[in-house]
């Protein structure tokens, strides 16, 4: 057995403490409530002639925010619990890095997007919280590629750099290029996907097959994963509409995403069934590919893509994503040496790119006859410096944004991957990958009635601890267990 | 062993692809954004003198919509995971048929309720999405009766016809009879219940006892089912209020449903405890009968039934539903030959009928002194053609609506059941019912510590694949199974 | 074996029926819809010059209410499923006592807070439902201390008195002392914590070690518990903001809680890792201590504590709560004889006290320069009788409120504990604690593949029931088990 030090008792607490203290200091210097969450709101209302508290942005966005929040913590967390023995790591590390990432995202996004030049402060409200959650989503996607193969310290480092890169590419794409990307096909999914894939490529483990026994799922872990799938699927309309324009913008993004995802489910099932000799379905496809439509509509959700357009996008995404799991993932692993635990290439990277392309095309095809004059201006925000931009130009900038997100993902992932390759982070040995025991105090695997059997003679009981070694090879504990069960039931 | 062909590799993909393409074409022809989700909303606002985007119907209904959405996919899906080995089918097929059903529902309900005569188009908004989810609920209820006994292709056929029938009966009940049924006691639950029960009656399997070993629950599957129960229970107030009138209508429906459900829990527990010798509780009752109050208040939730009235409805529904599980289900199976896997008769059909009756009585008993003059008009929509209708007449039409939903359920179920009896759908043999292995690639049942025992001598390990027969007695079967898995994975 | 009567077939149904009937009668006498949920809302709107239905309080609070509702039933319920074999009791009894408690809370809180002197009626709306859920939360916290050691009848009694005490201490703290406590650090968490701990102290079981084998978790039960943790964690911003002021009040409470909780996660992980030799994490800490920040910000969430202030509170709460699990819980059990199953001392009682202190300090430190003149009045409700109160005085009353909640918890818990000590409630024997079998019909512990092995010769199959001992080595024991099951089912 390869000797690897997975002791993180020094590094993990130090990183957590130091970074959290840094957050407190930076928040003290930079972060303040915005005018809608400050007690001076009563004056703002009077000043801006706002008649009702219901006009506070909180009431436009809070329900969507909570849905997004559930996607980040339950959705991403449980989606990754499919491995038979890495559910603690899936849910727990997801929880950890998201909690750190959202704080750092508020700062990074604040500095790039909303630093008030006069006061030098960042003013936050509910929309900032949504954006922070979005930023974290990019890093959680990347986590999917390296799931089970890295230490929590590496994940925290990956998140630190991931959020930083995210804020910069987002600034370039949304502010400089003025591309639209409300649901983040490019900014979140393409970036996050390629960031994770590249890191996984750098961290390639040629002997990963040594932990093959831990790589599958068990029956219950597949059901746990469906909790993640369903909460992601159901709340994706909120994801894609959370920061779109008030009124028709949010309304339309919801309808489009709802329809697109429904369509994806049917084609995912169709391809999954086709892929097996007797037409059986594969849980991996149902858990993941059903979500590809939501990813691919991230950019265009707020556009007038029309209901049938949304269905078409979903139709092809279900096919492509499922075929990705069947054909592309094995190819990536064998040929390109990319070990992608959760198949994020098929769920995020590829559908993200499709989403960017769909966004560019639908933007370029937008017309005043469909959108209305003011509708076109509102949807693409053709105001200020961009008031003379045409839809064709917009389409070009959308495509450019797409490229920026890929470049940031690949180049950023390569750099961060190199950092993570340093032998100081406590990552697991090849044969201990996908095993919670490395980083968690793990409880018994399952409940046995035999636990309740009171041995008739104390001798047997006292012998048990001493004779463990011998009987492990001959009698499986579970078999004994069942014998006892039967006796017990007969007693009933 | 009876030989049955459960290969769905041809039929399932064909049905999914053809139907999804049909959806795309029909959506292209018929479905458009309504004025609140279209970019022309800015013009609508100016035209209608709407001062704020918050007046968009989206903000009145979206939180409720998302709750209903969770009920459809997590609620119904997980409620049916109680079987020890049919959780993939429960959650997965629920996911599939709901995703198809909601698209078809948007079309069917659109044609019947909101086809614009001038343009020939159906304009959809958030309320349409809620109604589509409602329509799907009817079919998912029916799924509960045949859970584990049909193929996914049969479920899709059942959903196609179910949605079609639903839209027609809904049109008759709500539009022609002008009955009120905001939470669908009649339209959703009574129809869905009898539709499913009649199909199950037509598909009666005299030898179903051959799969008795698969019909129970295991400890964990009962907990998974509680996820479904609780999300249904918690969000039922949203279900019953999602499409009621803005303002007091939604507010009152929530209060009534919240109270009614609380009351149901106590009487369910009481009867469940009474039914066992030592007062132990039965999970089947807790999982299902606690929800009966929500069903039974579907019609009357928006009425002035008063808080104590809601408690009374819940009180009796808990009793009746639980006694249904104890006494009526065995009777239905033995005498009427209705095999009702989830007991939808006790959870939906019977409480739905109660709900229809409660609705008729409370409508007939409504008075201007309680409702106020305008309140009465608003609540029962006594406008247009119905402006002279009295509450007594309304009560009669409510009762008539009740009958319509039963007739549609029974007659529709008989016809659809006959179609599903054709031997072309790939349904499972009697001894393979309630078993995910028929339609799913199934992972190992559970994780065993024994998997992690590293044999001291490499010989044992290397012998494993070759000596399968011999070592069955000494080595737990799960070990071999894993060896196969590893081979399979290496082959990929 | 100590002989104990756990038969609750008489007491449980009687308590459920009698209490539910009492609720119906009392609701009939006292509870009515308030003006926003009554059909006369249309007149109220005209009278109060309200232009839009969106001004109905329903739209300000319903999304938060549903989040709180999820916390109560899924959050608290699943958080307690961590025990290997008490998940039915955790989720099921939580469901039962919350359903009873919320009805009783509407009455008790109504009598104390909103009894209309003219009509003698209590008028309820969505805010009443939230307050009822809050009140129930106090009792569910107390349940955590006695989890697995009491009967459902005892829990109902505990809830009856708990809600009663809650309503009184809440009246004293919020109305008489006019302390602010929107998220209930004092009113809910401190009271509930000490109420449960004191009851547990009175019910001390010196021989509880006899059921030690049932006290741990299994792998899957820890994942179920994470469902509870995450829904509590994600929706805590809704909890702390649900009844704060419209507009900036709700907005700010959300931001503060969101940040505070994120900070708590990092320090919890740090301390948990430090507590183990190799830095492994402990699921108990992750499941519980990550929530302490939400508790501790219950009072101050609506204040201008500022974003970095929220982070600081979370920082220390994560540390203190995790250290509580490591050091204080064992001390409480050994020295003070308090057996605290879920560690509510570390999650609720101690962070609640911290929250009360933080609230008192931040209130005392409030200034017009930070809050604005009107902002200060709005935040602390310095109106009517309290219009001349200074922030320093307010700080003093906050601290006084803190003490009231502790006194009510301890004294109330001592009295109620004495009542629960009577030998009439059917509580389990020491060696049967933490075991669902006492109060539930329990299904098989887990599913085994071996069930599916079809014997090659039909002879073996027919011999099964007769030859149990012999074929145990060749035929998986579970087959026999199933035969028994079938017999049992046939007997029914």
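A few comments on the model shown:
The letters A, B and C name the chains in turn, as written, and every chain counts its residues from 1.
Simple rule for what comes next: a contact is a pair of C-beta atoms (placed from the backbone, for glycine too) under 8 Å apart; a residue touches a chain by one contact, two chains touch by 3 or more.
What you are looking at is a predicted structure, and each value in this text was computed from that prediction instead of being measured.
Residue numbering at the chain A/chain B interface overlaps only partly, since under half of the positions present are found in both copies. Fitting chain B to chain C on Cα positions gives a rotation angle of 120°, stated in steps of 5. In this assembly, the C-alpha centroid of chain A lies 29 Å from the C-alpha centroid of chain B. Taken residue by residue, chain C touches two or more other chains at 54, 59, 63, 85, 219-220, 227, 445-448, 476, whereas all remaining positions touch fewer. Listed in rising order, the residues of chain A touching chain C in the complex are 6-13, 16-17, 19-21, 23-25, 27-28, 31-33, 36-43, 45, 52-54, 56-59, 62-63, 66, 69-70, 73-74, 77, 81, 85, 87-88, 91-92, 95-96, 99-100, 102-103, 124-126, 129, 152, 219-220, 224, 227, 426, 438-449, 451-452, 478-479, 482-483, 485-486, 489-490. Chain contact summary for the complex, chain C toward chain A: residues 54-55, 59-60, 63-64, 67, 84-85, 213-214, 216-223, 226-227, 230-231, 233-235, 237-238, 246-248, 250-252, 254-255, 258-259, 261-263, 265-267, 269-271, 273-274, 276-283, 286, 290, 304, 306-308, 311-312, 315, 370-372, 374-376, 378-379, 435, 445-448, 468, 472, 476-478, 480-481, 484.
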